[in-house]
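Encoded as structure tokens, here's the structure I'll be asking about.
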């Protein structure tokens, strides 16, 4: 579904991604972790072309993301993304946040878009909030709305960029629950996150990044059992201690 | 297509220089008086004493809601009469420069006062408390602690306002005073080369103001750092 | 002071007899308001375009936006007005220039003042628009694009609506400035409010009444504009957003 082939990226002379190879297959959940500044957020933003890259090849559902001829808006419409800071549109009601791209990008009728939005809000347990504005919701609620907004586009896969790291601890679980449910339904997911509990529960593979490189890419059991690289071991011990 | 003829410009340079001097004189006076009087107005507005704050607020709001052109005309009309009566100045004396200076100084004070007020408000309340706790009077706290900090923050804004003021001095045209712009217009009108003179004046204004604003921006970065 | 106050002067007939001096004042007010509103519309349009240009990716378009702002901010308004009025008709192709000079003088003055005030104010509006867009979290653009919106759609539906809500207060003061700056049009002969005050002084020899009346009218315009913009601000308020009540 998502395939990185030797992807490299530079900011000026500083290399942020160094020959990354990664494959996320249909129905698979891949968790990407690593210390801050390791390039994991940049990597996931390459997947829908929000960050350009200079070398290598990256395809989503067989479509090359880096190619000039690719219609990026069209591709992005099929790839859902959830951001660290939610990025709901503050001037629109929750209902309109869910409807906007359905109407403007997919060309759905407004009624259809609103109905679809309502269904997804119910699914994340926020149907009662449709008339409110993002600023009136808690962080956890906003992130659930953001997930619903992405799902409203009927995506073929979902990208999560640290979806819980801007949340207060007591709100993390309500977001993770939605994500776990999504994973169990068979959604293809690429998640940048430090929530190792989530990884243990639903991930098929865990990828560890450091200094722009993919250091480790292993099935979940193997990663948590005996990580091969020293760096990953160190990182895991820190993060598991922390939790 | 228009035939440009720039030949009147070299001969006009002395007149233009005299005009530029008037422009600079008005600008400098308005900056100095504006900042001093503006500071007093700002402090008065924030004094918490209604009999001081009210008139100051009325002054600032009045000047800020009326066009500068109107203010220049007011003072051209009013100041000469007052001056003549008060100082016994002969009717032949050209009063335009004096009225222009007064108009700009009083007008710009209102704008400077708002900048200064914002600057004072940007200094944290804790600074005043600390100064008072050290035994300073309110006036001392303002003069020794708050204003020095406020002015440092305000310098870029004060300078930007000075650039606007410098451009606005061209409006003394309405009372027939030959500042830099007025001189350029006069020469252009006289020689039938208004197009060239206006473009030339505009170009010089642009160089001066663009150069100054680049410097201000550089200073702003240094202040921010 | 032995000034002879006479407020009744406004009700007396003008020399030509077709109106009272009060009528002159109101006519001046009408031109001031018409010119300012027209210029404000132009300024919002151009200012939005150039402000947006300064925030798009790449080098050329932001450069173009910056050049516009610098040019119109660093030349005095009066020089710009005289350039539009005296210089522009000469520099245009002869036929166009001649066509402009054939127009009714009042219309010529109005057009020059309109374009001048509009383009001048647009530079200031552009700065505000740019600041407004710059104040939004960077993720807003990314989130819009990630949903499949094109860049123009992202500006149209997300970035601009939100930035405009944020910049209503500074835009209010620019709007007020348009009314004040419109007085400059008196220098090319447009009989707007401040020009009318001079005319009143010349005709009635009651300078204080004339100036006080005109000043009051400008204050009135200010109050009305501020009330209007406060209404806009309350309508534009985003529930739950920081900075709104």
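Here the chain labels run A, B and C in written order, and each chain numbers its own residues starting at 1.
Basically, a residue touches a chain if its C-beta (ideal position, glycine included) is under 8 Å from a C-beta of that chain, and two chains touch if they have at least 3 such contacts.
Computed from a predicted structure; not experimentally measured.
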Contact-graph separation of chain A and chain B, given in steps at minimum: 2
Identifier of the chain whose CA centre is least distant from the whole-structure CA centre: C
Inter-chain centre distance, chain A versus chain B - centres from mean C-alpha coordinates, in Å: 55
Chain centre separation in whole Å, for chain C relative to chain A (CA means): 46
Mean-CA-position distance for chain C and chain B (Å): 21
Touching two or more other chains - residues of chain B: none
Chain C to chain B touching residues, read off their complex: 70-71, 73-80, 82-83, 86-87, 90-91, 93-94, 176, 179-184, 186-187, 194, 197-198, 201, 207, 211, 214-215, 218-219, 222
Residue ranges of chain B touching chain C (in the complex, touch as defined): 1-2, 62, 65-70, 73-74, 77, 163, 167-168, 170-171, 173-174, 181, 185, 194-195, 198-199, 201-202, 205-206, 209-210, 213
List of chain A residues in touch with chain C within their complex: 45, 48, 50, 72-81, 83-85, 87-91, 100-101, 104-106, 132-137, 149-150, 153, 159
Complex interface listing, chain C residues touching chain A: 137, 139-140, 142-150, 153, 157-158, 161-162, 165, 238-242, 244
